[in-house]
Amino acid sequence: MIPLSYYLILSVILFGIGMFGALTRRNAVGILMALELMFNAVNLNFVAFSRYLPESLLQGQIFAIFVITVAAAEAAVGLAIVLGLYRNFQTINVDEINLMKW
Amino acid sequence: MNALEFPILSLMTYLPLAGVVVLALLPKESKGAIRVTALAFTAADLLVSLWIPAYFDSTTAEMQFVEKVSWIPSLGVTYFFGLDGITLWLVMLTTFLSVITVVCSWESVSMRLKEYYAFMLMLETGMLGVFFSMDFFLFYIFWEVMLVPMYFLIGIWGSDRRLYSAIKFFLYTLFGGVIMLLGILAVYFYHGAETGTYTFDIFELMKLSYPSTPVFTLLGVPFSFQDLVWLAFFLGFAIKVPMFPFHTWLPDAHTDAPTAGSVILAGVLLKMGTYGFIRFNLPMLPEATQHFVPMIMILSIIAIIYGALVCMVQTDMKRLIAYSSVSHMGFVMLGMFALNFQGVQGSIIQMINHGLSTGALFLIVGLIYDRRHTRQISEFGGLSKQMPVYSTLFAIIMFSSMGLPGLNGFIGEFLILVGAFKVSYVWAAFAVTGIVLGAAYMLWLFQRTMFGALENPKNAALPDLNAREISTLVPIVIMCFWIGIYPSPFLSRTEMSVNYVLARVHKQAVAEEPYLSDSTRPATGPAETGHESGGGAAAILPVRAPASVHAEGRDLNTVERSR
Amino acid sequence: MTQVFNMADLSTTSPEVIMSLAAMVILTLDFIAPKGGRDWLGYLSILGVAGTFIVLMRQWGVTQAAFSGQYVSDPFAFFFKIVFLVSAALILLMSIGYLKSERIDKGEFYPLILFATLGMMLMVSAVDLLILYIGLEMMSICIYILAGFMKRERRSSEAALKYLLMGGFSSAIMLYGIVMLYGLTGTIGLREIASMISADTVSNPALILGMVMLVAGFGFKIAAVPFHMYIPDVYEGAPTPVAALLSAASEVAGLAILLRVFLVAIPDLQDRWTLLFYVLSLLTMTVGNVVAIAQSNIKRMLAYSSIAHIGYLLIGLVAGHELGISAVLLYTLIYALMTLGAFAMVILLCVGEVKGERIDDFTGLAQRSPLAAAAMLIFLLSLAGVPPTAGFVGKFYLFGAAIERGYVWLAIIAVINSAISLFYYMKVTVAMYMRDLPPQGLTLSSSMPLRVALVVTLVATIAIGIYPGPFLELARASVVGLW
Amino acid sequence: MEIVYDTLSGWGLPSFVSQLIVMLAVATAVLIFTAISVMFMVWWERKISAHIQVRFGPMRVGGWHGWAQSIADGIKLLIKEDIVPAGADRLVFALAPMVVFAASLAAFVIIPFGPGLIASDLNIGVLFYISISSLTVVGIIMAGWSSNNKYSVLGALRSAAQSVSYEIPLVVSVIGVIMTVGSMSMTRIVEAQQGIWFVVPQFLGFLIYLTAAIAECNRTPFDIPEAESELVAGFHVEYSGMRFAIFFLAEYANMFVVSAIATTLFLGGWHGPLLPGWLWFLLKTYFIIFVMMWLRWTLARLRVDQLMNLGWKFLLPLAFLNMGITGLILVLQGQ
Amino acid sequence: MAADYAIVGIFLIVGLLFVVVNVDVVSRLLRPTNPEPEKLTTYECGEDPVGASWIRVHVRYYLYALVYVIFAVETIYLLPWAVVFRKLGMFAFVEMMLFIAILLVGFAYAWRKGALEWV
């Protein structure tokens, strides 16, 4: 059996890549994809924990399913928003979407 | 003890508020009706307030005319109104000046009249509430409520830099207020933790002696819990007084406020600070008070001298008077922190005096400002020929402010000097310097504006005071003479309260608590009925049995009261 | 197979059931009904909220769990549900006129608000990280859409995108925190987590990491500094009622679950997270207030003000214990009401070209409508915490709790912040009272429901300020049994 | 296969190496089977189409009815020039056929050719198929996008739109079977059809599945993505030579897979009298393939909007209806 | 367990290898290679291609994608439910029907709002 730590390390790497992407990407869709990566890193952790924990009630796997669902809904809404944004701005580069200053 | 079996204090407090409601219903255009309404309500309030000295029992330091109902039981907040010798005259001054201000604004204010008088009336409610509240929570509420109308009075009807001054006034005083709130909370929770009962009732809170052993040292000065609370209160009150380093809002606010605003500001609002000291700092935190006496003394003396010196170089009449307030309030603080009978008595009476004379001075400036729309001293000269009544009244008020014997200022300053003298020659010497300087700038002001040749042609056709204007000044003048010539009715009614405060400060046994809590008092009065009616007047019940301790010392009032 | 369902579960969740039914019915009606005015959907939504409220009232003082203890309706949840329902009803009232004046003839707006409210209700009732997460996302996703509801408005799209990206980012971070907790304790039930954390796991770095990530994740949700950057833009760009929803309900809901998670699941780490929240609180209120001074757009100003208020609210969490937490509860109610009132005023001024968003738009309001100006004044004073408004009572109680627990410095900085806050609130009063009415005059929205909302918030703000007793009692009763 | 494994282990190889070799052997076998099957299907389709159109079709190559036509075609494609258009994304362009083919080959993992004749009897068999079949779309989009050709892009997008539209009715129609069996394992599903083939109780489901499956394979009447008259050849316009052959291969392999799944789920898999199981299975599968070819050469192509409407507005509600009815009946039976 | 899925990986690798071997080894050895610009232009029915091919795509594709995402995710609930459906009985059935009903509200919404129209 593959040790739990492998999964955890993979998850951390995935999460790190996702976070890096979310923070450095300039393309809105790219950021959304990076976010998905982060969610999946979490899912990986959930499933791995659920598998390796003693007397697990599969809560982790169930959680992962819900995370997938929510991520999908978020992606759907996100894409719709990006579409609307593109119609208004003719770009999805977040650097150029700055009518309002921080 | 509610001698009238009637919530007269609440009536006084909320009567102006009822006036606001009536004003709100009046149409914006009917200016006459608005003025009359405002006058009617302030005058009614004054009339109601006349009952208070009449029924006031000067033989006791007890709270009188008490109204007490539970308000927020879970926090231990009560709706607790009461009155004693310290507040008696301040309250009278408030109702008195309120009428005067309404009259003096009669013609000088014509813009957005409805709002103006509404704010004036709200201000009166706030001021009376502050003086009546014997519950910290309630006190703080009125303390802050009072700021809002004043802010608008300055901000809307002020002159020149009114926005700046209004915000400065608001922020300074609010800042002091919130720091005071922290002090209140500290006391509240300390008391709660020590005794198990959480209450904002100041007399409950005073029963406890707050720790005065230093908990930490800052810059070589040890600070105790009491010191910290004291400082929190100090900040709140000192800004209001205003004490020397916190006074910078005052000249701006005074200068830019409309005449009525200045009168109220000088007459009543500044007294809130000194009142706070005498009500809370002294009796509740005696060790800290003793601890900080030197600091207060230094600050007061700086205020007296610095205020007077700055007056000398002012070119604006209102600003000059504003700085004279700094100087005069320094006197009040000096007297109070002499911590002896004369000093405190003097400071109380001087609060009234300052309210009367400085208020009147602002009226005087306001009158001339209405005519000329300038307050520059250099614009005037030789007015005594053109306006004899005006200059006469000005002179009287000026002498009162200087402390000429026979007028009210003398009584206060004399008592304060005696008090200060008992403590230290040096302080008294400085104070005397202040008086001399005060005479100097006042006379200088009077001379430059009233005497000399009437050089400025614009002043040539100035009309003298009309009846309405005279009617605003004359009552003040009468009061000035009354206090100056026959002060004993004023002094005698404050005596017991002053004694009580001093006993607390010097940690002597107190013969009689000013207000016994419900739990410790024999259940002779009707019990409290809870808070089901939301603190309304209907639920305000007399909760104290008639006192029977000082039966032999009763005056006429007492006899009448026992009917 | 254990029993998976019983009728009692249904009674426990009845408010949520009613709410979701109402939302779906209205959504259905929206696409069935012919095109044209959509006002009636708004009124129907209010009816739905009212129905939920009535059903909710049956749970007064009741504590009952449902779905194998994953879901609970306790006084804590009850209190917050009241806040949410009241906010939702008020926001619906405001929206009706707003949508009309902005010419948005889309009925989805109302069900989305209802679904967002439903999400909040789920969140506060959750004693299980899963349901909590679902509720949170349900709310967030609805608000993403609502924020971008004005499709042609560029700022609205921008707001939606920013909120979406930050929201997703924060969710991911929060989830990572959750998964750490799960991995260490093997459960997602809050109480079970607490019971699984033993003395030796307390110092486990993974647990600390999980906690920090939770703090960061929740920090985004409640817009605590330094996780607040997106909030002002979202407020500015989003339709005003949505900004109100964000401020009065969404952030409050985030705070509610933050309370529940940290107090119930990881009380063993209290020392550590108290320190974190201490710092967050300080930063949040100070930055919020200081930056608010520079704003000329009132929605942005309110955004920073809401950030500052979150800072105040965190004081209660830092203070902890029944006193601190009940102070947080009371303040959330008060905060929701007064901030909604302020937003309602912004909408009142939103007529035609004037959006009511610049502080200058308020110029001369006192002359145009003294009542409206007085209402705004009271909301602003309440936000600043000046008595006798509700805001004072709330702050008083909060700061009191801090002092009681010995966080004197925090309280001192908080009151200094209150004084600072007055400065920018007064900028609006200066415009309203001390500047003259512009020559072209001022038009106010004629929407009746908006006025109702204004009156309700105004009365509540004053009433709680003058007679806070019952609300205080309710807040106190609501935290009993939370631990 | 156990025999192979045991023999290998007997030679002293480590367990995982033996396993690996067995798996490679299985995969290669399936690959060869697929290749042969596809060649046969191509030839067969040409013959069927010819006969439907009353002509002969390929007759020359290899003798009898031109049986070697497909082989010749394959060789032809193998030696054709490989053209990668200028401006194409070369990497993605090269990867696309791999993804498509690998995905369709991987789907064979769960096809139960006979009792025990299954590469891996996954307990989530059906789900596995659903997920692996979505992978094809990715490959198609890669191909369309990387070609730098407008027809390709449009074809790929249409293909994606179509597969996603029909995937849902497909999944939901399968749910009925899973509900009845209580397992997603292909073997278990087949075993459950010992008595009665699910085509009978799940007839509606079968029809929906079949329709959706045809659409998933992008075959006429659902061949919008590569509608010759509109899009030349859809997503693989720019592919030539062996790369094109791979797409071709994958498409027919997919056809086999969906038919095999249909057989498994609805037609009783390997069950049947007299003949051995694997033969029954192949017969049924080829029958469905035949039906698909028959439909192709009989029906006209749908318009895009008709296609989408059919998927979303007709099949999807119907699939849910099927699911609901199945559930209701099962619940009532259970009580 | 792992072996069950390992074979999936093997299949994928074999599939990839098959393509690689055929396209990049066998075919490369056999096929001619003489590219010329004409040959390398993309095919637009014989005309010279106009503009880039990465064109702006019609919004309808996104709409379908959005609706799909919701339904695709819904199936991950349906499938496990279907597996254990018979053990759970009536309650699970009602529950899932509720779920589907809610889903169908969304579906009807999308339908009615024209998200399913190929315009």
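Each chain gets a letter, A, B, C, D and E, in the order it is written, and its residues are counted from 1.
Everything that follows uses one rule, which is that a contact is a pair of C-beta atoms (placed from the backbone, for glycine too) under 8 Å apart; a residue touches a chain by one contact, two chains touch by 3 or more.
Remember, it's a predicted structure, so these values are computed and weren't measured experimentally.
Participant: Upon omission of chain A, how do the remaining chains partition into touching groups?
Facilitator: Without chain A, the chains stay as one piece.
Participant: Give me the set of chains touching chain A intersected with the set touching chain B.
Facilitator: C
Participant: Most central chain by CA mean?
Facilitator: Located nearest the centre of all protein C-alpha atoms is chain C.
Participant: Going by the average position of its CA atoms, which chain sits the greatest distance from chain C?
Facilitator: D
Participant: If you average the Cα atoms per chain, which one ends up farthest from chain E?
Facilitator: Measuring from the centre of chain E, the most distant chain centre belongs to B.
Participant: Can you work out the whole-Å distance between the CA centroids of chain B and chain E?
Facilitator: Chain B and chain E have C-alpha centres separated by 81 Å.
Participant: When the centre of a chain is set as the mean of its C-alpha atoms, what distance in Å lies between chain B and chain C?
Facilitator: 42
Participant: Which integer distance in Å separates the CA centroid of chain B from that of chain D?
Facilitator: 94
Participant: Which whole number of Å gives the spacing of the CA centres of chain A and chain C?
Facilitator: Each chain's C-alpha centroid was found; their separation is 25 Å.
Participant: Note the residues in chain A that touch 2 or more other chains, in rising order.
Facilitator: If we look for residues of chain A contacting two or more partner chains, we find 73, 80.
Participant: Residues of chain C that touch two or more other chains: which are they?
Facilitator: Answer for chain C, listing residues that touch two or more other chains: there are none.
Participant: Could you tell me which residues belong to chain E and also touch two or more other chains?
Facilitator: 65, 72, 87
Participant: Spell out all pairs of chains that touch, sorted by label.
Facilitator: Per the contact definition above, the touching pairs are A-C, A-E, B-C, C-E, D-E.
Participant: Give every residue of chain A touching chain C within the complex, in rising order.
Facilitator: Listed in rising order, the residues of chain A that touch chain C are 8, 15, 18-19, 22, 28, 31-32, 35, 38-39, 41-42, 45-46, 49, 53-57, 59-60, 62-63, 66-67, 70, 73-74, 77-78, 80-82, 84-85, 87-89, 94, 97-102.
Participant: Note which residues of chain E are touching chain D in the complex, please.
Facilitator: Answer in residue numbers: 3-8, 10-16, 18-20, 22-23, 26-28, 30-35, 37, 39-45, 49, 52-55, 57, 60-61, 64-65, 67-68, 71-72, 75, 78-79, 82-87, 89-90, 93, 96-97, 100, 104, 107, 111, 116-118.
Participant: Using the touch rule from the top, collect the residues of chain D that touch chain E in their complex.
Facilitator: Per the stated touch rule, the residues are 19-20, 23-24, 26-28, 30-31, 78-87, 94, 97-98, 101-106, 108-109, 119-122, 124, 126-128, 130, 132, 145, 147-153, 157, 160-161, 164-165, 167-168, 171-172, 175, 178-179, 182-184, 232, 237-238, 241-243, 245-246, 304-305, 307-309, 312-313, 316, 320, 323-324, 327-328, 330-331, 334-335.
Participant: In the complex, go through chain C and note every residue touching chain A.
Facilitator: 129-130, 133-134, 137, 140-141, 144-145, 148, 151-155, 157-161, 164-165, 167-169, 171-173, 175-176, 178-180, 182-183, 186-188, 229, 232-233, 236-237
Participant: Looking at the complex, which residues from chain E come into contact with chain C?
Facilitator: Going by the criterion above, the answer is residues 87-88, 91-92, 95, 102, 105, 108-109, 112-113.
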